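As written, the chains take the letters A, B, C, D, E and F, and residue 1 is the first residue of each chain.
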């Protein structure tokens, strides 16, 4: 291997692009950052083994198709889109500057490794920056499970800030149970509550911290269903509402008018099959995400620093000026 | 039986006052109105069979004690308190005006029957008044299960208004499942959603209608945990938020400063025992009610008519002027 | 004529009830108070000449029918409804207490005269009370034309307060032209503006004063289309928004859920016939009234004093306690 | 003395009405309740010694004049106005029912004593009702000095609630120093802050409690300059803002449009004479009161119970229905 | 013609600069974009025929003067200012880099043609980006007539989205009649309403879309009188308020404190001459524009993409960094 | 002296770095800009006389240490931090590019002189830009004393705008007395008021203008205690709230999560020693600064132009892109 190490930062077993797409579609891999790393790793693994092609262009064409497949497996996962685009852009530039097949392959692998390392480091950096904003003895409300939000809370705990956390159970899939278990095991004073109890507990809270699936150009947040309720309640109670988010979650499509369709999941997540058969006339709606408008968000903690929702547009300008849709540089 | 019919409007089997208190404490009977009728019926049944007493005062003393027990079985159930007080006041007036033991017993039974009939009629009247405010094709969001709120929706359906209803599942006890089943069975187009999806669906809604556990002097609402979230979301989306409530749910104690303690229920309603044992450090909080401030409420529909939260104080003045804490007159 | 003077306070020429209904339907008579006085006078005139009837009940039956016709000529004119009901109630009480045909007739005439005098006096009283709230040099915005609102402004001018008034033109029927002409002729510094310029002028205003077609139980206002915009703008600019309204404009039906249908007028008020023929695909909507929510209203000035929107429910309680739906007593 | 005791509840030394008026004008007596009691006592003392008059009417005329003088000594002290009017009304009724000079005198003295006792009891009752709304460990912000507000805090302390109080210094006259000294001496944990530091401390507060000079018909508050800032800050921070007020502070004049002129005090309260002479071009403004709109007030604690600002109009209706402008009955 | 084509994209007949200034002052040409193109074309036409000058500097001096005249013809038309400045800047750079008279002329003509093409393309691009944000079946409210706003609605119609549009008549000049006629003729379901009916219709709307005369550095909008009312009503009803605007409408002067004076037009637009003569004391105010604060605006659709009001400052930074006050690059 | 003039723009007498640190700690020098200039001048003076060092690196090390001392003398004075960092960065770049000791010294002196001139010019430029936003006859409220805010008001006065100013006294240190004296002496119509009277006067105001101690990345303001109250009141009354601030007051630390600790000053500023000894149980809190959230700020006037709070993040990006933490370029 002349260039980038092909197994650097391996987090997932080696799979084919098609299998990776299947897993992505079935949501076997979850969480914005993990999904992006999973796809980028699959793309890297594919690049290292891509079928021989006589020309650089031919080779890169294979890579482009693989990248396209991975992106369309989860069209609303902007972290995945941005991650794969970053890798493809680096490959394209190598091709344009006359690189050989080997050079292009090497560029793809190095770019993938850069992304994987960046993504992992970003979670740690967000934890460090975010934890500085936590005060000793703060009570924090969180919703669903998020690598980046948990990183902030764990780091604050590591700093001895003695925090208390309320986790909403996060129906229908109880991601809050997972978060509560992890935080309590980490030594943090953790209480599990129903989603609907959030307003009563907000009176005792100092901060609300959540994760992110996508960030719109106007600073709005796409996140797990229920996050926008927590945001409204925080706003009402004058509690700081903080979003922990890697910058590769920005959605450039919002700048040119793309409307995001929110995915509907299976009703069996809400009601038991037996109950459904017993009440055949009852319908179900089971949306996965909701939207939080920028006026309910105090700030984003990213690996590039803290910024208010009003700064997202300027951040996206900066990212675009760096020559890619998204760039870690 | 010289006066009131001792079995008028029987809704519950005959039980002793002590057993009634046990059932009340164990929450085997639920819903503000039903709880009140259950306690008043138990008091009536006790009055018809109360042990011999040589004097009217002695007899009434037994009744007073029974009433006190029933009230203390559910101290935050203001419908029960007001219902029992209404019966006791009528007995007391009879005693004061020189009635015999039989007269007092008769007054108690008649007052109980009046209350039982009043309570049942009130639900129907609320349905009729409230349904007039529903427009053809309205989409309604409801939370938990409420006799009075359902009465409004069923009556609107009866009037051919073609309504659509979203029921939140109402964790932790899934009262929304019960409501959804009942409304769908009644022929109403009904969709079940998670509590946390309420903000997304509010965009499609025209009205939100909920029931009531107690009304404060400033027009604030005490109701099932989660109601205040629905109210906030309705306010944000400029959707009318309507409370269906019998007037005997007003809490006169709020006029003299009483602070209401919100009951905590068992954590097993939130998490399975096995999960709890597996995650012993996780704590739980499980509050039963929450508070909705008057500025989030458009109006109350009562059996005495529609009134804004700002009118509750005047309603309570009127009820007090009628000579009792609460009076159906 | 044994009792009330049959020509007291004559403001309109004598017409039959049927002709009066015709004029009302065609909106030849306008303005809440004038419409009420017109109908009550027609009822009085009818009563003095009603066809012979052998019995008091027979006679009163004629009157009831005439009153019913008048009320249904303008079903959303609550001043008319309340005025006619007041007269009919007085007649009914006379009948119930065993009065003769002559007694009933006399009661109807006296009640009519009382109403007519009350209505006229009310406008003057509102002017006096309202004018006290105007400060020297105040700039006032008004919309449409209203007897009561003009009474306040004229009285303030009479008191030498040196006010300035902005009148919106009030499309589509330019009632603002009429108001501007009247105020300027009265000696008040008056400027006519477009409805759409209201926000720019609000920055210079100290008060906004408008009239009223109906008052709901929650303190909301039904008034000329455009009033609710003025109210919102006043609220935004922290300018006092004041409604001048006789108490007989309260709508008791709102307490029992009646939904008010807003009348649509002819599109020729908006566009010329020629234009419409030239643009046959363009549709038109021409609503007469709009609704102003209570939170945009600072206070009502009535002939019974000043009250906040939150006091309307208590006022309606008081009016009902006086034994009629509405009563001037 | 045939009737009321002429020295009952003496709180101030005996002075002539003219001297009392002088002291009132010079603000030697301060605080709404104290001012009212001072004037009523002076009126009582005058009544017991009023010069001989041949007729009851003549005697009462003296009393009326004395009452008028006292009222005009502090025209914006509505507690004084209501207190004196209460006494005069009782005298007038006695006169109308044909009482002798002695009867009228006796009625005046009894009415005065009733008022004095009522006023003193009211402060204690307000303390008891208000203290129920304080929670253990509450942090309270207060402004200026108020008998009634202090009564709530002291009672809460007596109940062992372990409260903490922040007192603003209350420029220009440092009434907050007086309050801080009194509360700290009473054993309450008390911190003195600058008026301008109020927003920073509000973040730690649970309640804000202030006194009252007058209550308008719409529920607005007239109180010491600076109270409206505390109210706004409490509203912003979602801290309960509570007004402790005897019901005789309602201002009936607001129902008929009276505009209150806010008194200006001497500039030497703001700057030293030497500084003023050194900077002769600097002007000064020194207003005594400000207005707090009803939307910033959570509730009033009165001796008749707790009521929201929206209930003040209904309270004033009730007080008027009792036959006087204000009545303790 | 050595360089740019002198008749490229001709939209207006050839006129002298002085005549063009006359037409601009008389507002014979209307609409921000059209006015800019009109002035730039006149400048180009002048440049191609400018009187002989011995030196490049002399020649350019003529052009500068012509540009200055055009800019001062409509000092508040920022599109015109930015368009003319763009052309002049390109000329100046050519001059500075030592170009001949012919070179400078050519630079002016090319720059003009670039601007004309850019302006025309921008309207189409705005239509495409904006139309993506429209949902199937959306009901849209618009005010006045705007090329760019109409472009969005027509494009959405072309995409088969089945939209419905409410057009306000837009007093005093009825631009809404023009818009309604155009949209209906295009096949869109279009209803004309009075300006004052806007609040009632907003309840049925999903979006409000308007055009733009200028954009301030803080994201505020200067547009046709009445636009700010539509914006407030949209905000109240939670309806998206969207501004369609070419980026050359930004007003750089707002960054250095310039205050915009709003033009007053002739009162005969409001009232007929005869009416004015009949009511000589009535005054008139007839402002052309109003200001919409950024908090009422959801986003701008520009030819460079969608951006929130908070992004305007960053957009202006970017435009300045490109070396001109405004640049299409 | 080969390069920069060592006495250019001398504003303070020459002191040693240690003495300068002492004066800074004792707050003998006040005001963000003056503090920064004081420290930079001390650094320059030190650089000109720094002890001989054999190497450039050794020499610069002395300068770095001196700069570090100065920065830690007032850790929350971001103007000082940014000013000193600017000078040190210029020195470091000279060192990196191989400059001699003399070159480095010269770079330090020149950079210092550049900063001193920039700071002085900035105040004048802010005055000019800000004064353009003042209208003829505006009434302005200001709090505390600020070079930059006063510069705006004086410049508006110079332009003949006839402004009126209300100065709050600014307890506890009466900086408002100083401002009032200066403005009145300058010929401006100036009135001194208590801090607590601010809400009553805000009704008469057109603008509020204050100075700045630091600006956060989200556009929030750190300023003298009480500024945030003025901001809230301005927001409530729809009065423009304007901050006059040099750009070197931005706090880059807020982008990476630094929490600012607000300094507590001695309680003797609030109460006399004698009073404190007499009331030993009373505690005191005396914070120096407060925080104003961006939603209460209309715009910042800086020497680089006007920008809304939402533009601060983009300004900080721009400043960082220029290669320093802060740069006047």
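Note that in this section a residue touches a chain if its C-beta (ideal position, glycine included) is under 8 Å from a C-beta of that chain, and two chains touch if they have at least 3 such contacts.
Quantities reported herein were computed from a predicted structural model and do not represent experimental measurements.
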item: Both-way neighbours, i.e. chains that touch chain E and touch chain D; value: A, B, C, F
item: Centre-of-Cα separation between chain D and chain A, whole angstrom; value: 60
item: Whole-Å separation of chain centres (CA-atom averages), chain A against chain F; value: 40
item: Inter-centroid spacing, chain B versus chain A (mean Cα positions, whole Å); value: 45
item: Residues of chain F engaged with two or more neighbouring chains; value: 236, 310, 314
item: All chain pairs that touch each other; value: A-B, A-D, A-E, A-F, B-C, B-D, B-E, C-D, C-E, C-F, D-F, E-F
item: Residues of chain E that touch chain C when the two form their complex; value: 166, 168-172, 177, 180-181, 184-185, 189-201, 225-226, 228-229, 232-233, 236, 262, 270-271, 275, 278-279, 281-287, 290
item: Parts of chain B lying in touch with chain D, wherever the complex brings them together; value: 217-219, 254-259, 294, 309-310, 313-314, 317
item: Interface residues, chain B side, partner chain E - complex; value: 236-238
item: Parts of chain E lying in touch with chain A, wherever the complex brings them together; value: 128-133, 135, 298-299, 301, 305-308, 310-311, 314, 318
